[in-house]
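Below are structures written as structure tokens.
Next come two complexes, and both contain chain A; in the first it sits with chain B, in the second with chain C.
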Partner chain A sequence: MNAQLFSVLDELLRSPEAVAERIRRREDLRPLVVAALLALGLGAGTFGAVLATARGGVQLGYSALKLPLAVLVTLCLCVPAFAAIARGLGRNIDLGGMVGLSLSAAARASLVLLAFAPAVWFVLDRGIGYHYSVLLSAVCYGFAGISALRVMAAGLGRDGRGLGILLCCAAVLLPTGAQSAWMLRPFIGRPAQASVPFLRHKEGSFADAVYQSAFSSVGRYRSSARVFEEETGE
Partner chain B sequence: MSYETQALDAGGLDLGAAEDMRSSALAPAEPLGREFARLASGLGLASVFGLALGARSGGVALLQHALGAPLGLMVVAAVAAPSLFVRLALINTPLRPAQMIGAVAQGTFTAGLVLAGLAPAVAMLVVTIESAAAAAWMSGLGLWLAGGIGLFNLLAALHKHLAGHELRARSREFIAIAVFSVLACALAARAWYAWLPLLRGAS
Partner chain C sequence: MTLSDLLVLYGAAGVASSAVAYKKSSERGRSALVSALLALPLWPLWLPVVLSAHARPITRPAPSDTTRAAIWEAHEAVVGSALEPLLPREAALRMLQEVERASERHRELVQLLAQRSFSAQAAEQRIEQLTRDGSSARSLAPARLHLENVRRLENLRSRDEQTLSELGELATTLRTQLVLARYAGSTPHDAGDIVSEVWARVEVLGSTLDPLPSIQPDPRHASDQAHPASG
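What follows is the complex of A and B.
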């Protein structure tokens, strides 16, 4: 079993096309699912723990737990939509196949995050600061996402229709993944914070934060009270 | 009266069109009962998306949104599609009513399926997002995505039945279908905006 797991992990990294073909043929998907969950826990968990090294302490454990959880929650919410979109746009892939494909893609992304972990740890250890840490983690997520796209593209087809399905899936995945991660934050942890919460208060949403950051980036800072006044008219 | 007899009767008016009609009329069509069942399934699946939207406020809003979400699809199926069929018949396209119903059923079912697939993600988004405007925007994105895929399926089914005519006839069909697409989007958006309070920024 161990040899089979390592062989599947190797295949996930080296040949996304072979993984997609295995899912298309509906071979026994159990080793693939087990290997993918293992890769997800190990890769995303390690990267989460590394992100928390700047804060240290209990945040290490929290982030190691929450990052794989955010990925899994996002997959659970998005996979039914992916399957429906693929079916709607003429790809004959059922829910089981889409679960295998999405899980494999997430596993590949997690393994890429694992590859980034030592370099990120080194940079964080040099004390680059909270905001640069956030930026660095976003870049790593971007690279991991691109590597996951290869698995999805191999499974959905590399023609115009496959690209259309990928774009529609991305339109569902991006807001859902961002909001799931927002609900489970903090992952890095502000150094100035006295205590480390497992989850922060709701404090708006990812979309609200992006909206406010768009104003902040052009030098227009809006306080929470002002935003409340604008939205409610009070 | 069988499809073949109907097509031959139409031949008295226009022989060329009748030839086309005979070939498309002979294409196997699904039984009408099955198409209506598919249409109803699509509307039922769309109401699952409505339930997800209603989860933001709960209570009566659940029912209100569950009834409102299929309405956009119903307006397209009941108002816009018959209008397209009349226009296509006026320009003498070889499209049978049963084929039109089949195309509409396929489009509605696919849109409903995508809406139902989106429901878990949208429920999480509208419940956890604080800003009413952002929640409305996310719901609208889901409706447009599913509506677009449904429209794509409807047009693909129509294209299958209308393929292979002379260029002049095809250009007239194209204009009729393009007008229908714009009208279908506008009507569905209007119905959803009127019947889904969440889209109007209600929390």
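What follows is the complex of A and C.
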């Protein structure tokens, strides 16, 4: 069992084409899915814990739990849509195959995050500050996402149709993933905060936060509470 | 509907999925329990995998699938051994892709050539009829070109059929050779040659068909075959 698990993990990292071939051959995907879930928990969990090292304490456990959870929640919501898009655009892949493909891609991204974890820990330990920590984590997510794309592209095909499916899936994944992560924040934790909440209070959506940040970037700072008051009149 | 309602519904679906996953497990015991426990919180991801694994039909694979299975098993036989460079993963994957592409093309050609509009016999009859009717060479030229195209498609189909058949035999031999070498712990002297043979057939599948010698126009109507714009 362990040898098979390590073999699948090795395959996820070294040969996305082999993973895609398993799915195309309609093999039993249960070992692949179990290995992918373990990789996701280990990789994203460790990276989450590392991100929380600047804040420390209970935030370490919270982030280690919440980062894999954010990925899983996003996949639960998006995978049926991925399967429908792929079938609708003419790819012969069933829901089980799409689960295997998406989880494999997420697992590969998580293993890439795990590889980044020591370097990120070192940088955070040097005290780069909250905002640079957020930026650094975003860069790591970007690299991990690119490595995940390779699995998806191998499974969906590297032709025009595959690219179309990939773009449609991205249009579903990006807002859903952003909102899921937004609801489960904080992952890093502000050092100035006296207590660490598992979840922050609902302060609008991810889109509201982007809108608010757009104002902040040009020097017009508005608190979340004030924005909420302005928009609801309460 | 509040978040609590949603969580209750999710939990209820999880319990039902868990029962389904346990029931669908082929063997009872630890693996069935793990499957059921996974389905409880992760039913949107785990249940489709369990159901699709269970619903997978056990049918005899098509000849091309047998070839692909043999290639992959040959590769798996050498993974982690000193023989792996003979058939590394990338090479096996490329072979599989080429075989799949050629099999798909072959299937399409068979379907296409079964239609009357792609029948060589019908095309020949049409030319005979046009000739009997005293049609000009210009009228005959498209019909002759059609016949030539159909014959080229037939040649392509025959070549793919033969190559796929040879490849199937070679892949089966390669698999047994490498499995034997793995269990016997010996170096297969002939495996390298068979791999080269397989590659040669794969290259044939990926190559284009040489053009047939073109059908010579009737010299009596040579002048009629000039481009209309020329006079």
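Points to keep in mind about this one:
Keep in mind that, in the parts below, the second predicted complex is superposed on the first by the 221 of 234 C-alpha atoms of A that agree within 3 Å, B and C clash if a C-alpha of one lies under 4 Å from a C-alpha of the other, contacts with A are read in each partner's own complex, and residues count from 1 in each chain.
Rule of thumb we're sticking to: a contact is a pair of C-beta atoms (placed from the backbone, for glycine too) under 8 Å apart; a residue touches a chain by one contact, two chains touch by 3 or more.
Being a predicted model, the structure only gives us computed values, none of them experimental.
Residue contacts after overlaying the shared chain place A:Asp208 against chain B, while chain C stays out of touching range.
When the two complexes are overlaid on their common chain A, residue A:Leu167 makes contact with neither chain B nor chain C.
By the touch criterion stated above, A:Cys76 is placed in contact with chain B and with chain C alike.
Residue contacts after overlaying the shared chain place A:Leu135 against neither chain B nor chain C. When the shared chain is aligned, chain B comes close enough to touch A:Gln179, but chain C does not. Applying the stated contact rule after C-alpha superposition, one finds that A:Arg30 touches chain C and leaves chain B untouched. When both complexes are overlaid on chain A, the residue A:Ala84 reaches chain B alone and has no touch with chain C. On chain A, the surface patch touched by chain B in one complex and by chain C in the other comprises residues 76-77, 80. Across the complex, chain C meets chain A through its residues 34-35, 38, 42, 44-46, 48-53, 56, 68, 72, 89-90, 93, 96. Only residues 14-15, 17-18, 21, 25-26, 28-30, 33-34, 37, 72, 75-77, 79-80, 94-100, 103 of chain A touch chain C when the two sit together in their complex. Every residue of chain A that touches chain B in the complex is listed here, in rising order: 76-78, 80-85, 87-90, 168, 171-172, 175-176, 179-180, 182-183, 202, 204-205, 207-208, 211, 231.
In the complex of the two chains, the chain B residues touching chain A come out as 110-111, 113-114, 116-121, 124-125, 128-134, 137-138, 141, 145-146, 149-150, 152-153, 156.
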